[in-house]
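Each of the next two complexes has chain A plus one other chain: chain B in the first, chain C in the second.
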Partner chain A sequence: MSNLAQNVAKLARIDLPDDKAEAVQEDLEKVLKYVQQLEALELPEDIEPFFGAIESVNAIRTDEAQPSYPREEILSNAPDSDGQFYKVPSVFEQS
Partner chain B sequence: MQIEQLSAAELVKRIGTGELTAAQCTDHFLGKIRDKNDDNGAFLAQCDEQAADAAKQIDASIAAGKSPGPLAGLPVAVKDGICTAGITTTAGSKMLSEFVPPYDATIVSRLKDAGAIVIGKTNMDEFAMGSSNENSAFHPAKNPWNHDHVPGGSSGGSATAVAAAMAPVAIGSDTGGSIRQPASFCGITGLKPTYGRVSRYGLIAFASSLDQIGPMTRSAEDCALVMQTLAGHDKNDSTSAPVDVADYMAALEKPLSGLKVGICKQHFEEGLGEEVRASVNDAIDVLKTLGASTVEIELPYTQYGIAAYYVIAPCEASSNLSRFDGVRYTNRAAAENLEEMYSKTRAEFFGEEVKKRIMLGTHALSSGYYDAYYLKASKVRRMIKNDYDKAFESVDLILGPTVPTTAFKFNQHAADPLAMYLADIYTVAANLSGVPAISIPCGFDSAGLPVGLQLQARRFDEATLLQAAHQYQTQTDWHQRSPQS
Partner chain C sequence: MNQTLETTQAQRDAVTDADVTLIVGLEVHVQLDTQSKLFCNCSTAYGADANTQTCPVCTGMPGTLPVINQRALKLAIKTGLALNCKIANYTKWDRKNYFYPDLPKGYQISQFDKPICGEGHLTISDAKGAFETRDIQIERAHLEEDAGKSIHDETGAQKPSKIDLNRTGTPLLEIVTKPDLRSAEEAKAFLTELKLILTYIDVSDCNMQEGSLRCDANVNLHIKVDGEKIATPIAEVKNLNSFRAAERAIGYEAERQLRVWKKDGLGIADAPKQTRGWDDANQKTTKSREKEDAADYRYFPDPDLIAVETTDEEINAIGSTIEYLPSKLRTELMESYGLEAYDTEVIVSQGIGVVTYYKTVADFLTKSASGSKSPGKTASNWVAQEVLRYLNEQNCAIGDYPISGDQLGELLARIAKGDFDQTRGKDVLAQMLENRADLEAAIEKLGIKAVDSGEVEALCQQIIDENQGVIEQIKGGKVQAVGSLIGKAKKLNPNINPNLVKETILKQIGI
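And now, the complex of A and B:
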């Protein structure tokens, strides 16, 4: 698990400078060590996982068109936009 | 009697009869926030203009003889993780420091439709991750009983606001204990409803299979009053349940004779503070004199609750918080390309605890680890739910301490985060299994800090929780005590 923190930070898209990686790693390992008590726990073989606190069927509503929120209001929270779309740095590098 | 000493029910009554105007009442509490907030940090935002406008409208409609609504003129403080249209909503995070939601959460619309007035947004641990308010990206709220101690978390600002009489009522959210634990630490009443009882539309999600919104008040009666407005199905939240809402106010007055209360021995084992134990035992005696009987029960798998929670909640958080990537929500770090924009933005604007939980969840869900972590934790969750189902075959309520201790000091758990996680040891199981639970004040320790009593009930049986809590409060005055600050 030596590079755990750096690998996971990369997957989670969180920049983790090298000088901080060790402390983060220690922190993560403390919690992982605690939750690993579950691994050793023996459960009845046929036990089904419980993923949600109510086991409902799909909640399906009628498909009716409704007005959405105004584009202007939604984009007003964006760090950068052209008034129509969100703007982001280049996705592909120019060759 | 001072306005802030009146119950929510009494405030609504006086405003309805014209004895007090909504404007006077709102002004009074806004003044309290202005006076106290520099000292206790309960609020992140105060809504002077919006609140004054809303109060004017309520007063006008009462003067015109119109029906003013069941909460007409009642000032309410709302946790800052709940969206309020036109009012900055940060979830206690730098990531959302400038975020202004375009819409109200369903519970905010319901409160406004009932005549309540939003007076401010309360402080919280960032994205509701924490048990002390120390993870607020702005400043921590402080416990009104002693400012050296934490108010609890994550709804610590809401608890502080009610305990310090800056608002008669506050709204919190509870993913593993975030309403009940601060209610316990601050000596107020806090209800986590059944999963599905209250809409989460507009709640900034932490762990979607666990999050619930609920009221935080001084008394069970006020809690019932507010819960009547909050509860009910919402077509905008597919997890909200189409189950009829009981008449909570009517349930309060029913006597407790015949009520069976389960005492879980796991809640009284090692780790429970002696002064907390003594107060909880006294509370059991009070309920017995009211006609309840006790039954010893077992919830053997709840001892794995914290471990299961610290797999499930971070997994869900890692997914829910992926939306904060610098594209849509206000803050973005400077970067050369898209990938760098994501990772620099998330590194710069998320706090350390939030990053840690996202990484834990990412790890647990990453290829090769799913079975060992998320699947296993979800199976343990089933065992915990089965424990509850079995217990509720023979009892109506489960009683125990809300938290093993009273409020701890700031920085007390800085070196050992796991010790802080254990503050939720008695509360997480209600979230994992989906049952409703309430914390009410049941005493004080020798340092003068409040002790909380937790009651848990069958799914959708908030009425019995509120009934027992109210009946207990007719015999005790812990809920009427106020801190000096």
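And now, the complex of A and C:
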């Protein structure tokens, strides 16, 4: 788990400075240790896997197209746009 | 399989084509035919202005909740049933996490360990027998949302990319095969058959230009070296947007991987899976510019969505909406209409409209008491040649063909009865098409009337008298010379039945 913090930061595209990485690493390890207590539980062989904490099922809607949001309103949430498209930094880094 | 076998250059040089097996698995993304997106009510219509079909749900605003589209679920189950898949009574949604500007939430809602469709199979065959008929196993098919569209600056000037999120959240069914395909031709046959099935069960428009059907291929080689089997590193070739591209890309990869392995000898354990793209202009695959890090999607159950349970009764009810499957229609046309595999394929590959039309023509001819010896084959010849040619030339669908199946059946019955011959029958058909005339009107317009037997005999006698030289040849054993006399008879009377002319002449000269 030595690079846990840096790896998670990289996957999340977060810049994690070296002087903060150690503290984050310690925190993450504590969280993981806490959750890993579950592994100590002995479960009966025949128990069904559990996929979620909510027991209700089938929240479904009918297929019906409704008007979307005005483009201006939607794009107003973006850091940058040209009025039609979102503008984002070039995806391809200088090679 | 030997994962770590090291080979020498001499061993690799000794490998021939017979030692190499091509291994291909496909991932096909099918856009399901819904009005609205998978988790919100925004329209899925193609071609709208950029970013005019989005809302807080599909743009991933905090605090919004996705709700699953019932029709998308039904179409996914219908497709699974048509592909012989086990349908899950319990299915759930997971987040596949990755960062890309056209994925606004930072994750794609997909299905990880409880996909809606489990294992199934699809049968591929080749009407000309290029490969053996066999079942290709399907591993799973799961529902997921599409990402948006990125428009990158291609000038290299590092200008911003532009993002259109209209497509974000469009329902896709990802169909994943096992690595069962053994040639580029088989892969193409799989895709062709899959598309045909999807069209017959009406779950997708399958429009490849608009991205409704997209395909990725996982390709590698198994190579026999001195009794051991070695696998080459897997290449995933992305975004093959035509069947021809898929076929060529796989063929190219087979050659490339053998060439590379003969040089470096690297096996599947020595190199990571590589993502490649198909360069249609240069007819080759190229390594994608994506980062080489092994993908780490950190799947976990989506806490915003609850599971979907479907009973066997509900699944059966969806199954009962499947009216036609190409495989069943092939069997019907071969067994009930006496068609060969090739003729069957010509009809079935055109879709249910043409199949129904063909059956109407053939059924009419069969019931017409016209004496037609092979009504199924006759109907297939006329539909495949005359009707399909017209549809191609006019670029229209069978529903727009001006002549009903019964009318064409009646025309063929009149030919079979000997009212006029096939060539004259084609004139009648052309007349019907040109003037939108019904059969009787077209026959009248061409001046066709049944020629009575007295007339035929008189005409044949005239020809015999005027062509004694040819008659001597026939009597001398050159019976095929009668052909030139039939031509003369047709000039004298275009409506005369050539077979009858032949019979009568031969009878009159005592042969």
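What we mean here is this: the second predicted complex is superposed on the first by the 84 of 95 C-alpha atoms of A that agree within 3 Å, B and C clash if a C-alpha of one lies under 4 Å from a C-alpha of the other, contacts with A are read in each partner's own complex, and residues count from 1 in each chain.
Everything below uses one rule, namely that a contact is a pair of C-beta atoms (placed from the backbone, for glycine too) under 8 Å apart; a residue touches a chain by one contact, two chains touch by 3 or more.
Because the structure is a prediction, the values reported are computed rather than measured.
Of the two partner chains placed by the overlay, only chain C lies in contact with A:D82; chain B stays clear of it. Of the two partner chains placed by the overlay, chain B and chain C both lie in contact with A:Y69. Looking at the shared chain after the overlay, A:S90 reaches both chain B and chain C.
Once the two structures are overlaid, the count of chain A residues touched is higher for B than for its counterpart among chain B and chain C.
By the touch criterion stated above, A:L11 is placed in contact with chain B and with chain C alike. By the document's definition of touching, of the two partners only chain B reaches A:E39; chain C does not.
Looking at the shared chain after the overlay, A:I47 reaches chain B, while chain C stays out of its contact range. In the superposition on chain A, A:A21 makes contact with neither chain B nor chain C. Counting contacts by the rule stated earlier, residues 11-13, 51-52, 54, 56, 58-59, 61, 69, 74, 77, 80, 86, 88-91 of chain A appear in both its interface with chain B and its interface with chain C.
Across the interface of their complex, chain A is touched by residues 98-100, 102-103, 195-196, 209-210, 235, 238-239, 241, 304, 306-308, 310-311, 318, 322, 325-332, 335-344, 346-348, 350, 355-356, 358-360, 362-363, 366, 372-373, 375-383, 385, 417-418, 421, 431-434, 459 of chain B.
The touching residues of chain A, when paired with chain B in their complex, are 4-5, 8-16, 24, 27-28, 30-32, 34-35, 37-39, 41, 43, 47-54, 56, 58-59, 61, 69-70, 73-74, 76-80, 86, 88-91, 93.
For chain C in complex with chain A, the touching residues are 34-36, 41-45, 49-56, 59, 61, 67-73, 92, 97, 99-101, 114, 150-153, 158-165, 289, 296, 298, 301, 303, 305-309.
For chain A in complex with chain C, the touching residues are 11-13, 51-52, 54, 56-66, 68-69, 71, 74-75, 77, 80, 82, 84-92, 94-95.
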